[in-house]
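By written order: A, B and C. Residues from 1 in each chain.
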Amino acid sequence: MNRRDFLRMSGAGLAGVGLLGVSACGGGGTSGALRWSMWSDTPEETRVWKSLAEDVHEKYPDITVKLETVTFADYWDKLTTQIASENEADIVAMQSLRMPGYAARGALQPLMPFIEDDSEFDVDDFFGPIRQGLSVNDELYALGYDIGPIILYYNKDLFGKAGVEPPPAETPMSWEEFREKAEQLTNPGAKEYGFVEQPVFDFMVPWLWSGGGDYMNAAQTECTLDSPESIGAMEFVIGMITDKIAAPVTDLANPSFAVEEFFGGKIGMHVDGPWQFINIRENSDFEWDVAPMPAGPAGSVTWAAGSGFGISNTTENADAAWTALKTITSTGSLKKLVKAGRGYPARESAVSTFEKPPPQNVDVVQKILVSDIGETRPFVTTTTWQETTVMLTRDFSPVFLGKQSVDAVVSKVKPQFDELLKEHQEILEQQS
Amino acid sequence: MSAFDSIGVALKGRVGVSPGGKPYWPILIYATLMAMAFLTLVPIIWMVLTAFKSAPEVAANPPTWWPREWHPENFAAAWNFAPFGRYLINSLVMVGGITILQTVTSALAAYAFARLRFRGRDLLFLLYLGTLMIPPQVTVIPQFILIKELDWVDTYQGLIIPQAFTAFGVFLLRQFFLTIPYELEDAARIDGASRFGCFWRIILPLSGPALATLAVFAFLFHWNNLLWPLIVSNSDATIPVVVGLRNFQGQYGTEWNLLMAAAAIATIPTVIVYLFAQRWFVRGITMSGFGGR
Amino acid sequence: MAGTAQPGPEKVPWKDREHEGLAAGLFLLPNLIGFLIFTAIPVGAAFVLAFYDYDLLLGASWAGLENFRELFTVDRVFRAALFNTVYFTAVSVPLSVVLGLATAILVNQALRGVVIFRSIFLLPYVTVTVALSLVWKWLYLPDIGLINSVLGTVGIDGPAWLTSQTWAMPALILMSVWKGFGYNMVIFLAGLQGIPDHLYDAAKVDGATAWRRFLNVTLPLLSPTTFFVVVISVISSFQVFDQALIMTNGGPGTATTTLVLYIYQKGFQSFDMGYAAAVALVLFAVIFVFTVVQFLFQRRWVTYE
């Protein structure tokens, strides 16, 4: 369950490709009272979303969009309850990570019919990874608003202090170099560490891929955590913890544990998404920058995920919802989100210069996203992903604490993962 | 008397049971209370101190105790983070509504269970008790479906009514009513008082502490109860403070200093309610109170 | 407070008995309607769901005893959760009941400013759990946390509390006792208020020491209150959830996964509401048995007059 939404990223303004043209002859109804559920954690965010809702009304005076927000942490419990009682909003915000689970259970309706009917709508303006991320079985269920790849953050001050060369901006360094730098930055006496890893399985995945491994096979029928490449990758990361080059994990219940450690100024490097730019700026008092993920045996491979909005299956106003949806995710809207600034827009046309640095290397992010540097793959999850994540979190915690070996955990986890993949396949069959 | 003893005498107040015995008892008791209070307060004091810190300082490793610089503006920032004024009103309406509804209906029902004989009484009471043993996580969805059918989603009644009928109030008051001697009512009944008359004129006046206890606990519990309001409220018009506090726990990180400030502010009404209710707790009862004659 | 046993024969004149049913109905009605609709029916629904395979979003299908079979035979997390919950209750209830009683006695003394202490001890209960959980996480930090620092000054090397298989649960217990003893104190206070002064005076006249007075006057007369506190504490301890979620998220591994946390994970995170309801049913049965046992035992040690 990755809370770091790429969505934050999409703020980065779509360069005005006139996709805003919700043209008169495009598809979509033009009247209705709609409800729109979205998460929001600050008044500023809420204001931005509200202004997008108002834009819809301005353009289509017969459509009103009522925004309902809860904090991200609570959004999912609430959404689940609403869907179970058929009370969900017309326009529903969805994360790519959770999409299979909800879409396969019929929460949202496929968007292709609307897209095909709408001659003016260019769905290809949306980055590939977010389109894939918000699709299940090749069926698109939501239009993305943000997306972001996992990248490497580093503390420039610490590097300077230790006299270590910071990672290059455009070339991923190798795992050996990465480890070496981390070692040089580690100073147990001052409680400084070269690296910190969030003890959540999602953040192990870029390492898995860079190491040539994966968590499941392409057919999504078998868990591949036991492959030598997978194990090698995991041992590389965990090895940094057990060799005390990475900070010890002291909190298993905090989704922001690693980034908060990074804020503290005693960590050399940290992997996370571009959505943290604002947070790190606000909470740190040191110089920092970003670089691509270190390159393992299979290169520098990272995942991209994001969020978007879909139309619920139980709405009575599908056409009006589509119209509103197009407007909310239009280039102009996404540009507004960028200015409000947390993330990378899901549309290429909205990418423009992100806010003023830090980080200096912000341009690197888009290059990574389109795989000009390294390789970015969408983070593919299953319909049983929630349960899978809970299981993985639980069973991997001793490993992150350095109390169990990777081998032991994988042999415990694999049968459960396989079982969940079986259930996943069964659900997919039911739905088709 | 030694100085020690004099202090002991000076410490004596008017509330409660006389410490009796040696004159230095009060000092001993006081000392123990102070030590316990200190231990109890350490986490809370740290919470309040955190509210005054800047965001980077809260993230500092190792955590600091005393703020390096004081940021009292955090409280204003926390208050403005979300429409807490409105949330406060919503909380008061919701919790007040639940408290009153629960206290009144529970008192009536508890009287029936404690005093009246009717078929199925004990079985019904057992049913009441049983519902306390099911966690809300599984009852929440059926309850929500119910209020959705009633069109009570995002309304005050949707927040108040489903929560006002838990068995806790009936259980507590029934236990209390059972300890009031029958003689009191018998005398009244022989004089021709109705059941309701007995209830109104005899049982209720004696039940001050129990009613106050129920009211205070209902208030305290529902003030901080998150799950139900989270699901039922959709808009600022009904969101209570407890849901509003969640605003500080973002997707990517928590604004700890603001959260602490808001939590501190949110605690104030509950403390006021408790202090106010003290009068009923303290009242000595010459006749049967809890537990004896 | 008394238990279910009637303290004495009812001295209601015969002629009034036949009207009891109607009177009872009227008294019960307001609460009963609300109770049946909003409490009893959802609880009933939860009971029924336990026998279904109810994927929240996909719908329900009859599963009979399948959920229970899986629960009891293959689910090792359930077993851990059951153990953890019983462990938690068995330790935290006695601690918070005794602490609550001791505190109540102390603040029941006639001393200046005692009302302030009463409020202080209730503060942990009234403060929002989320904020307190963070502070306690800091207290529990392995090297720099306050608790281990203090232990260090007396030469004890404190464990990594919240990430230790052995110490995570005791850490949760300590925090919960701290948070909850004020609640018990309030109830005990009310009970203590009800003990008439003349009984203490009589005992003093007989030459009883403070300790003797406590044993022979306070404890027995307080026993109905104690009984209530214990029953309620057990019921709520078995349902511990917030702290487990926020402080350790059930970890490390399954060390602090409690039954209600497991129910939440299964119901809201895995969408498997039927299974969650089955676990809730088992939890209900366990609490029910404990409560009944307490009710039966109370005849022995609870005195009424």
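FYI, a contact is a pair of C-beta atoms (placed from the backbone, for glycine too) under 8 Å apart; a residue touches a chain by one contact, two chains touch by 3 or more.
Because the structure is a prediction, the values reported are computed rather than measured.
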Joint neighbours of chain C and chain B, given as chain labels: A
Most remote chain, CA-based centroid, reference being chain B: A
Euclidean distance of C-alpha centroids - chain B vs chain C, Å: 15
CA centroid of chain A to CA centroid of chain B, Å: 41
Multi-chain contact sites of chain A, meaning residues that touch two or more partners: 77, 84
Contacts with two or more other chains, residues of chain B listed in rising order: 61-62, 140-141, 246, 249, 254
In chain C, residues with contacts to at least two other chains: 56, 141, 268, 273
Chain A contact footprint on chain B (complex, rising order): 55-56, 59-62, 80-82, 140-141, 144-145, 148, 153, 230-231, 234-235, 243, 246-254
Of chain A, residues touching chain C in the complex: 76-77, 80, 83-84, 101-102, 105-107, 248-254, 384, 386-387, 389-390, 393-395, 397-398, 401, 403, 427, 430
Complex interface listing, chain C residues touching chain B: 1-4, 6-8, 10-13, 16-17, 19-21, 23-28, 30-32, 34-35, 37-43, 45-46, 49, 56, 103, 106-115, 117-132, 134-136, 138-139, 141, 143-144, 146, 178, 182-183, 186-187, 189-197, 199-200, 204, 210, 221-225, 228, 232, 235, 238-239, 241, 259-260, 263-264, 267-268, 273, 276-277, 280, 283-284, 287-288, 291, 304-305
Complex contacts: residues of chain B adjacent to chain C: 10-21, 26, 29-30, 32-33, 36-37, 40-44, 46-47, 50, 61-63, 101, 104-106, 108-109, 111-112, 116-119, 121-122, 125, 127-135, 137-143, 146, 161-168, 170, 172, 175-176, 178-179, 181-183, 186, 189-190, 195-196, 199, 209-210, 213, 216-217, 220, 223-224, 242, 245-246, 249, 254, 256, 259-260, 263-264, 266-267, 270-271, 274-275, 278, 281-286, 288-293
Touching residues on chain A, where the partner in the complex is chain B: 3-5, 8, 39, 41-43, 66, 68, 70-74, 77-78, 81-82, 84-87, 191, 256, 259-261, 263-266, 275-276, 279, 282-285
